[in-house]
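One structure coming up, written as structure tokens, with questions to follow.
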Amino acid sequence: MEYLAHTLNLAFIFVILTVSLNLILGYGGMASMAHAAFFCIGGYISAIVTMNLGCNFLIGVLTAIIATAAVGGALSAPFIKVQEEYLILFTIAFQMVVYHLMLSLYNITGGDSGIFGVPAASLFGYTADTPARFLPFMAAFLFIVYYVAFKITKSPFGRVLKGIREDEKAVSSLGKNVIKFKVIIFMVGTGIAAGAGGVFAHYTRFISPTIGSLDQSILIIAMVVLGGTANLGGSALGAFLLIIIPEVLNFLPGASDLIVPLRGFIYGALLIFFMRFRPEGLIPEYFHLRSRKRTLPGARTGKQPADDCLHFSMTSEEKMFNRTGPILEVKNLSKSFGGLRAVDNFFMSLDKGKITALVGPNGCGKTTAFNLVTGFLKPDKGQIHFAGKEITNLPAYKMPHIGIARSWQDIRIFQGMTVMDNLLLARQSQAGESVIRLFIMPWRVRREEEENIKKAFFYLSSMGLAEKGSEIARNLSYAEQKLLAIARLLATEAEILLLDEPSSGVDPNWVKQFMQIIRGLAASGKTICIVEHNLDLVRGVSDTVYFMAEGQKIAQGTAEQLMADPKLGEIYFGV
Amino acid sequence: MGLFLQLLTRGIITGSLYALLGVSWGIIYNTTRTFHFAHGFIYTFASYSILVFTWMSVPLIPSLLLGLFTATLAGCAVEYFAYLPMRKKSASQLSIFLTAMGIMIAGQSLIHLVFGPDSRPLEGFPEHVISLGTVTFTTVDLFTVLLCWIVIVCLFAFLGHTKAGMMIRAVSSNPEKATFIGIDSRRIFVLVFGIGSLLVGIAAFLSTIDKPATPNIGLGALLISFITVFLGGVGRLGGAVLGGIILGIAESLVIMVLPTEYKMMVIFLILFLVVLIKPEGLLGKKIA
Amino acid sequence: MLLEVRNLDVGYQGKQVVFGASLRVDAGEFVALIGHNGAGKTTLLKTICGYLKTGSGDVRYRGEDIRNLSPAVNVKKGLVFVHQEKSLFPNLSVLENLQLAAYAIGKAYNLEQRLKEVYRIFPILKDREKQMANTLSGGQQKQLAVGMAILVEPQLLLLDEPSLGLSPNLVKDLGNVLKEISNMGTAILLVEQNVKMAISLAQRIYVMRTGQIILEDTHENMMKRESLWDLF
Amino acid sequence: MKSGKLIGLIVVCVFMISISFSFTADAKEFKFGQILAMTGSGSWYGMTMERGTGIAIEEINAAGGVKGYNFSYVVEDHKSGLTTPAQNAFRKLTSIDKVSAILSSFSAPTLSIMSMAEQKKIIVFNGGASSPKLMNIPFLHNTRMLGDEILPFTLKYLWDKGYRTMATIYANQTAPISLNDAGKKYWESLGGKVVSEQMHETGATDFTSEASVIKAKNPDIILCPSTGLDVGYVIKAVRKMGIKAPICGTEHSGDMEKVTGDASEGYLFASEFFDVNSDDPWTKTFVAAFKKKFNEDPDFYAANYYELTYILKELVTRVVDKGGDPYDGSLLEKAIWDNPKFKSIYGGYMKFKENGTCEKPVVLFEIKGGKPMVIKKRSG
């Protein structure tokens, strides 16, 4: 039946739209209120291209996808940095500007009456001029979109996105350019929306600005949120429901001047109802009908963590740094916040294979110095050299790549991800983190992934977490989470490890275990710097201690030397 | 020059109403950080309540007061029955936003259902044209500007000099501390929704004198309300006033440089640029 | 006994921060809780005042179980918590901040009298009465925060690192003020990183380390210690 | 995904099957569709149009229907000009309700269904919109005259009264844009001058700044060919700014009167002539029936859709007389050309033209004492 076919086509279009918005909203964590605008732009581009050039609809749709994705990319670059509520506002503004432009540029868009007589979709002599005949096209398009979305979200790229949603800073500390990932997913999402617009224009053979209004954008968002963000199945369900419910309401008997607003009332009331009782969506992100477990290579063989787990093999890359003496040198480093000189003319050098500790009273600038070295803050003045090369203004996400990685005081593991994913996210230069390579060289992505899983498993084993690989990180005990954080840090295979208060929040036994671990790491050639309050730990592991106060290094020596100095005691324990 | 002055006057008149809309939404947003989309429904609701009382042959002023009272209650009810339970469940901003939209759609449809789609004018308000040199306006315009500013001044006086006002400012500037010194923020939230709804009711009344009410008037008012707030700067009610005036004047003067069909677009273009260049708004503090 | 905490476990976001902590504060007593960053001191305070509700254990104030009461209720019972940061309302004037503290309690106060008392202790606040709180210097902001707390005549004052970010001179001044407040009969539970100051002021000292209270000792004994390093 | 899509599919299928059983057309019923603005800013139009159709249907069925067919209709909503709901409505009407004729309104929704209508041979009548884009589309017939043909009538009248300069203000919609062009061209051909042209946003309500610009140009007359409430707000703003120049346009409705209040006094508009005080007996019975039911006078939109229902009745009669099936839209379409003249509720006859428009009597009204008064007539 034609109406059924039409409703299905419509539902499919909206499934495509919700899936693409879900990539942006659910997976990318960006609330875009302009999705319908991109949808409409795509429709116009495809309609205009095919009508003026007389080419096949596929060319029109492709043009729409590419052009709109480019616009989306250019647009998203500046706004991705702003906060969520401003993002909503910014995209509303964009949505309204586009909508009004489409109405006002009537020479191009036909104004309010739109463009009539868009050519029907046809391929190899098959012309899709009825809803039923269009269904195969729509289903194929939906399949492609779903495949792409599925592939992306389940890929290393999707893993990074998930990480970004959990903790942006932690992701950049693992060497990923957060902005780049967000821009790309935004481009993919808008591109798909534009493609949907193109397909829709050829399906209805008509395009007008009304399908690109704010109401439509809100409707699409409602579908995604109703279904469940970051769950592709949820998007599909949300789209189906919100397309079907109004259509079902169409069949309510009664006088039409009453029934039409009544429909609106019921629709609004349902929205309130769903949000009130299922705010996380009908199918939330971690909804699984069956629990599935990833089998890990190690788990299959039942291999136990090696006893010599603290001896790490060196890759060829690391051998480059296989020399003694200072490897990281900090000179003259200064940073002020407002009037406060948080770090003032700070000098430090880290020796290869040695453990250095930064201590000092609260507010002495340790953490600021730490953030300066790891690229999370830009120094006002001073230089940082790593293995002879200046890296002073390198952004944080490039640090792990060259061999400097940090940990966080509040561990910042990705609580909602599996232990294994936490580690895989830390691996550098993965082909699967590029959307293009994901599709053009899947074999390479697969091979790398296998390699990375092996490596990750090695580091997990080294922390005694081999059995936990498929657990969700938040289900681990706190001590295990801390170990996981270290394993993740090691998985970056960075040469220099900077640890921010590694002992906070754990018991003395753990600290003992931890001391053993970092001594082992140093012995294997890693260079380590810790910021620490637990003086037991400082005493236990550090080769050199820097004592900081008011942003400056005021003493340097072994832990025993410094603690014997009454003057330092005065500073440390206050007046 | 004559045209400029005339347009400026128009801008100030529109801007005053926008400023009132801005503070009405701004006080709610600044204090509760709820993206109160259903504010548009409260606006429509206020218009119709006032109208309903006049249809029952209640004189204009008592109708106005009764209408404002019901609108205030409606605003409090939305907070108490819709947002508060969601906040308790720590629902995301987005799902609260969608609930608000649900209220907006359902409420608007309900008004349509009860009163039909017709335009409903509020009658009985004398309107005369006043000309001062090249500048022309009407008694309604004059009344609008005066009432808007009286209300805005009263609001600032209320916030500045009463216990309740102080508590509202306290909750909006540091909700956590407010809890620690013993302020029940839930009650303050309900109060703030009441005040915001009262203010938007006054704005709705002023526009209904000029333009008949229909079930759909709310969305436009809502858009202006929050654009004004974000333009002026979140967290600063004075910003909403400034934003309103700027928006009103820009909307009026833009006609001198651009074709008028771009008028509406200009509002959003301004918002777009502000969010791009100075996302904290004109008076807002820098966002970390 | 004014405050008694027994076997308190606190955790949030999946991690346990306080392990079986027990402590007590008698009426009018000055007690300090010291320990390094992340030891769980602030968490413990926030649990006592009712802000954090997770975990298990017993918190009794004047013999009453207050585990399920909110900070807003506890304030009215005379249990006042002063935050480490964000301890005042930046967009309100100094006077308004103080007034608000009194209004929020809801009890009828002789506000004038109490204000005089606060101004006596912190004369600078009187001079800055009309100034917005966010224009005050760091030290003045601390004074205002403590002033707001003592305005409502608390029986127990929970202070979270008041010395943080203050210069040594200001820390000294602050110490004197705390001593004075204590002498007026208000019990104080002070959480501090400035160990010397805490030890010199408090009658009893608890030392906290990785979520556990590892030591309880008197002022005198603590003062006799040769080195404090081994506490940390 | 699996679960989501499965549930969705099940929902769709169950609901589709259930409706396909319960909603098949009765053999002895002639059902047609209407796609009107039932919600949104133009819902007043939908209401009045549906009232017109409703009265016609009651009358036709009371008289025993047409050749054994009872008349009925199904109304769908295009939400005041949205195209997707219009297309959904079209699909529903044609496949579930199996209609062969649709009365539609507004230009974008009407245009959006025409590709499908042509393909499925559904005859579409539009009695509301007057956009030139609606001309020359197979299967679409407009029972409103295009404004371009009406406007010169008004302008000539004003020219003859000695006005020479004109300011225009019009909505950014297809019909007003083309009307503005036509009006401007005609005025200049008479030798007049257009001193200001302003295009405004559709649906705007505050036109005082536009009126300020007009005031500064001091034109003799103002042309506002916008539609809907827009005209009302324009008139109100112009008068509010103290401008006394006559305003003319092409649109008038009861709803618009509510916007303007007294300000519409003296507003001139030419339109198809529907006269509620006409002596024509058919008009009289319609006005009386409408008044009895809704307690107000019908406007010409109500009249148009009332008339359209009777045109459908005539077409069905012609088709059935020839032994055809009225559920075949192409037969209905052909039946028009048997004799394109139909009895008109406007008095006398109206005639369909090949280009999809029609001929009707045109008249120039002026609002006097709150009511449109005829000041000049031109027969169809």
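First chain written, first letter: the chains are A, B, C and D, and each begins at residue 1.
FYI, a residue touches a chain if its C-beta (ideal position, glycine included) is under 8 Å from a C-beta of that chain, and two chains touch if they have at least 3 such contacts.
Predicted model, so just to flag it, every value in this text is computed and none were measured.
Q: Would you mind checking which chain's C-alpha centre is most distant from the centre of subunit C?
A: Between subunit C and the rest, the longest centre separation is with D.
Q: Determine which of the two chain pairs, A-B or B-D, is joined by the larger number of C-beta pairs in contact.
A: Greater number of contacting C-beta pairs: A-B.
Q: Subunit B to subunit D: how many Å between their CA centres?
A: 36
Q: Per the centroid of Cα atoms for each chain, what is the distance between subunit A and subunit C, given in Å?
A: Taking the mean C-alpha position of each chain, the two centres sit 40 Å apart.
Q: In whole angstrom, what separates the CA-based centres of subunit C and subunit D?
A: It comes to 75 Å between the two C-alpha centres.
Q: Among the residues of subunit C, which ones contact at least 2 other chains?
A: none
Q: Any chance you could list the residues of subunit B touching two or more other chains?
A: 109, 112, 116, 215, 261, 264
Q: Among all residues of subunit A, which ones touch two or more of the remaining chains?
A: Subunit A, residues with two or more chain partners: 100, 103-104, 257, 261, 264.
Q: Taking all chains into account, which pairs touch?
A: A-B, A-C, A-D, B-C, B-D
Q: Spell out the part of subunit D that touches subunit B in their complex, as residue ranges.
A: Of all residues in subunit D, those touching subunit B are 39-41, 43-44, 46-47, 169, 172, 198-201, 204-206, 208-210, 212-213, 215-216, 229, 233, 240-242, 255, 258-259, 261.
Q: What residues on subunit A touch subunit D, complex-wise?
A: 1-4, 6-8, 10-11, 15, 100, 103-104, 106, 110-114, 116-117, 129-131, 146, 150, 204-206, 208, 210-211, 213, 227, 231-237, 239-241, 244, 247-248, 250-251, 256-257, 260-261, 264, 283, 289
Q: Enumerate the contact residues on subunit B facing subunit C in the complex.
A: Residue list for subunit B touching subunit C: 163, 166-167, 169-170, 172-174, 176-184.
Q: Using the touch definition from the top, list the residues of subunit B that touch subunit D in their complex.
A: It is residues 2-3, 6-7, 10-11, 13-14, 109, 112, 116-121, 123, 127, 129, 131, 136, 138, 211-212, 214-216, 220, 251-253, 255, 259-261, 263-264 of subunit B that touch subunit D.
Q: Would you tell me which residues of subunit A are touching subunit C in their complex?
A: Residues of subunit A touching subunit C: 361-363, 409, 415, 474, 478, 481, 501, 503-508, 511, 533-536, 563, 569-570, 573-575.
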